[in-house]
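See structure below.
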Amino acid sequence: MAGRSKLQHGVPISFGYKIAVWLDQISRTRLGLARALEEASILQLGGALGTLAALRADGMEVRRRLALRLSLAEPDISWHASRDRMAALAGAVVALLAALAKLAVDVAHLMSTEVEELREPAAAGRGSSSTMPQKRNPVICEAIIEAARSVQHVPGVILGAMLQEHERGIGHCYRERVALSEAVQQLSGAVTLTEDLLAGLEVDEGRMARNLTLTGGLIHAEAMMIHLSDRIGRIEAHRVLHEVARRVSETGADLGAALQEVSAIELPERALGFESQMDAAQAMIERVLETVALNQHGRG
Amino acid sequence: MAGRSKLQHGVPISFGYKIAVWLDQISRTRLGLARALEEASILQLGGALGTLAALRADGMEVRRRLALRLSLAEPDISWHASRDRMAALAGAVVALLAALAKLAVDVAHLMSTEVEELREPAAAGRGSSSTMPQKRNPVICEAIIEAARSVQHVPGVILGAMLQEHERGIGHCYRERVALSEAVQQLSGAVTLTEDLLAGLEVDEGRMARNLTLTGGLIHAEAMMIHLSDRIGRIEAHRVLHEVARRVSETGADLGAALQEVSAIELPERALGFESQMDAAQAMIERVLETVALNQHGRG
Amino acid sequence: MAGRSKLQHGVPISFGYKIAVWLDQISRTRLGLARALEEASILQLGGALGTLAALRADGMEVRRRLALRLSLAEPDISWHASRDRMAALAGAVVALLAALAKLAVDVAHLMSTEVEELREPAAAGRGSSSTMPQKRNPVICEAIIEAARSVQHVPGVILGAMLQEHERGIGHCYRERVALSEAVQQLSGAVTLTEDLLAGLEVDEGRMARNLTLTGGLIHAEAMMIHLSDRIGRIEAHRVLHEVARRVSETGADLGAALQEVSAIELPERALGFESQMDAAQAMIERVLETVALNQHGRG
Amino acid sequence: MAGRSKLQHGVPISFGYKIAVWLDQISRTRLGLARALEEASILQLGGALGTLAALRADGMEVRRRLALRLSLAEPDISWHASRDRMAALAGAVVALLAALAKLAVDVAHLMSTEVEELREPAAAGRGSSSTMPQKRNPVICEAIIEAARSVQHVPGVILGAMLQEHERGIGHCYRERVALSEAVQQLSGAVTLTEDLLAGLEVDEGRMARNLTLTGGLIHAEAMMIHLSDRIGRIEAHRVLHEVARRVSETGADLGAALQEVSAIELPERALGFESQMDAAQAMIERVLETVALNQHGRG
């Protein structure tokens, strides 16, 4: 399929490569969230201002036993006014949400009328429009994107709450809880939606292949330039290619034909082939899968 | 010194306890930054859209060797459009800044005219006012606080940039660099300022002790209630204490005297003593110091 | 051209309609900025804390004369710590920037390889890619979008600075100036870029017309349903239309032909015509132009 | 009472001056909200994508009549994707909230144990602490501050939603409504709380006067310098004053006595008097009251 930069076709990629990029980021932000959650799972028991004064000599022992019963870590010192772990947790929640939303942004664009390489799973009554009955709207994607955007300010809220006065500040603690729980709810919804989306995603391979040809072969311009450079040097290759690109754009000529008109060089079939451009990408996909398998094993 | 909640005196703490809380958070966010930096120190070499197509069969080997030469980790897959590590890095930079600014917020308030327990180091021309020559302004504190606030939006910027289209999106990458480098600059400045601030911080122990008596002993109300509860039960202790607190507030009576008027119970000297309320706090301070020493050793 | 909702074709619009929507919002946010600027052009002269104490009995008269000389309005009272006008100014600057960026978002998508209805003006060396020579990137659009996004946090910064203590707070005033001046610089750049973009925008009317047919006429489904409803009632019209839409989508049949197969009703040519769907839109365009002309006249 | 800059005493102000500054900003942001609300009270009726195509030739007339029945203004053109009025409305809501929160920030600090110039109205069970029975917490202030902070990101949300694609974008419209309605709810709560706060605010005039003397008269240093400058020139006045300030700070001497030791100049009683420093401030207060009265009349 077409790889896209700034919504322009760049070089070919495979759909598997795109999925591996999604997976890589989702997997990493998910581990990041697990780590942040573990680091934030730490007992808060400090009494009024953290000193455990009300428990006198028993304070530390009571704290130790309570942590044990709740299976929470014990902090070195009370953290009433040290909100860094909560800020990190919020950052991790929102990062995983953003990783899901990146996937949704891609799918929504690949569903657009002019592209149509993907479609959300059909479901009775979902994604249709009351006034425009022909539409299949990216409603799942939209809900995921809104979920991510609606809590993107939350890490900033808690980072702001870190600037609080003394042992307990004014005007920070209620909204921290509201903001963090809202972020977790949005994440929970987005995870379910993403599972639905991926479980029934319709992939139009034929359309992917056809879109790849939309530029009359110019999507292979980079590959051609590399090939020519080996033979006639980079400067000359660049000149030839610009002329070829101009012809293809202006006359709608085929890339191979245009090259023949401009230069005597023959391009072997494989030079512009999809496989020759995907060697490294394929290796990267495998590495992602290995890492994900390893991480799941580690957690199993 | 007085522990403060919502700017009200709560229970006694020590200045060492306050410093240990600062240190705990600064130390942890500093480790968090080191970790985020390490995780973000990963090679980006993917060509136009990440597939390394231009290097054909050599792509992965070239990438491996370059990573080696630059002492950077090798990614599983290209991350042109996967900005999660940069978002985490920004979060860590801003969290450390916020930890420094929390300290500055506390110092600035402790420098206020009515409190005056601390003073920034004096320096020729610094912190004086052109129109109000008597003032010693918290200028270092203010600069640290401004540094933190001025980049608090940066994690949100990069979390937002995670929602970009396909292999490279539109309108995200330049501002990510600008925002992140601005955050690092502000951190760098704030670290230097905090060192200056702490190196010359003037501590007025006498004033700390005097401020502790501002409420006529009511700062020990919690300790007194605990003590009374052991003897007369929690319900009765609460009733007695409310009456005592009312007398102290309204007549300016001493806490001990007021208690004698209300109840026959004698409070042993130690009951309201500073030490009896600081047992656990002292243990916590030691734990913080151990952890910090351990971390520094680990890095040494 | 195709009107688009959630990147799906909805109903037909004209390019003029799209431009009028841009113009309407740009014109209104521009007036909003002019108003905010005027309301913020107000003298700040209050001495140390706003009371003009140093000028004793002459304070108000000095302030009046200075305002006159600087052609600034006189405030009722000093506003050292009342930053609402600055917050409103920042909001207005960023709103105009966002109005320009909305235009750029639309143009960038209309430049995408699959759509290609618009192109940024060609300029030597601009928008080409070093590795992908065939591309015409939306570089002007991208710069406008980045400009808008990079200062979107600024109103929040100043709204935050409104929560400052007493006659002058701590840690707000330097970053207010930095943030506001950054926003103005970004606006200045974006205005110039938008002028460049619009002055040389290449419009491919043929492609707009062809894209309108991409759905086999289904973009006229709403118009057809309205027409059918007049004749056979809304319920039956909806049933017929769903069947027609299914046939068009699955068999690639023409909308008119599919209707003939499903129903005996004839659609008059005009029913699905572009003009019949643009009556109101055309009237709206004219109103926008009148308002803009009026506003420019009023300022002339 | 003491005027404060960066939490340091600066020059004297009156409590009336502080209230007038609050009132000035609250009154202005309230008018700003009324204006933004009026400008946002505009009919949205455009059908699927704003063109009113479904109503064919009747579109504009239907729209005109509906606007009349709903007492809403008619837009020049549909604004499905032009969210500037909503952004301005959000900005105005949050600005009024911030103006209320500025008041709450001041009151909370003036309630702090070391200052105690103000107290929130007492109410059974409100503001007391379960573990620290002596406290009178600034609970109303805190709720107002939290309300303001919890929606400070809302204008940014809607400014961000302005960058949406075409006639309706993806992933912006639900959260706009949620965010805006949340801001309005928080404002509504904060207005009620502020009324409660002001209705029962306890003002300790004696404490205000005593706090004014905390610096041994140095709060009048500016006034003294002005007075001296008239007699011995600004350079010499500055030198004298520094010496005086040093003596007062170090020895706790009275300002007048210290001046006598340093210089032969006699300060007339009125020179350092409160009234001589409040001439302009008093005039400003009256202007604020006039403007507010005028605005209320205009709305009556």
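By written order: A, B, C and D. Residues from 1 in each chain.
Following the convention adopted for this analysis, a contact is a pair of C-beta atoms (placed from the backbone, for glycine too) under 8 Å apart; a residue touches a chain by one contact, two chains touch by 3 or more.
Being a predicted model, the structure only gives us computed values, none of them experimental.
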{"item": "Matching chain pair for C-D (criterion: over half of the contact pairs shared, by residue number), options A-D, B-D or A-B", "value": "A-B"}
{"item": "A-C compared against B-C, more contacting pairs", "value": "A-C"}
{"item": "Between chain A and chain B, centroid-to-centroid distance (C-alpha), Å", "value": "31"}
{"item": "Gap in Å, rounded to a whole number, between the CA centres of chain C and chain A", "value": "27"}
{"item": "Chain B and chain C, separation of their C-alpha mean positions in angstrom", "value": "41"}
{"item": "Junction residues of chain D - those touching two or more other chains", "value": "4-7, 10-11, 47-48, 54, 101, 108-109, 129, 131-132, 138, 142, 145, 149, 153, 156, 160, 170, 222"}
{"item": "List of chain B residues in touch with chain C within their complex", "value": "47-48, 54, 101, 108, 129, 131-132, 138, 141-142, 145-146, 149-150, 153, 156-157, 160, 170-172, 174-175, 178-179"}
{"item": "Parts of chain C lying in touch with chain D, wherever the complex brings them together", "value": "3-7, 10-13, 17-18, 20-21, 24-25, 28-29, 32, 47-57, 59-60, 63, 75-79, 81-82, 84-85, 87-88, 91, 94-95, 98-99, 101-102, 105-106, 109, 145, 148-149, 152-153, 155-156, 159-160, 162-170, 222-223, 226, 276-281, 283-285, 287-288, 290-291"}
{"item": "Chain A-touching residues of chain C, taken from the complex the two chains share", "value": "2, 4-11, 108-109, 111-115, 129, 131-138, 142, 160, 211, 214-215, 218-219, 221-222, 225, 238, 241-242, 245, 248-249"}
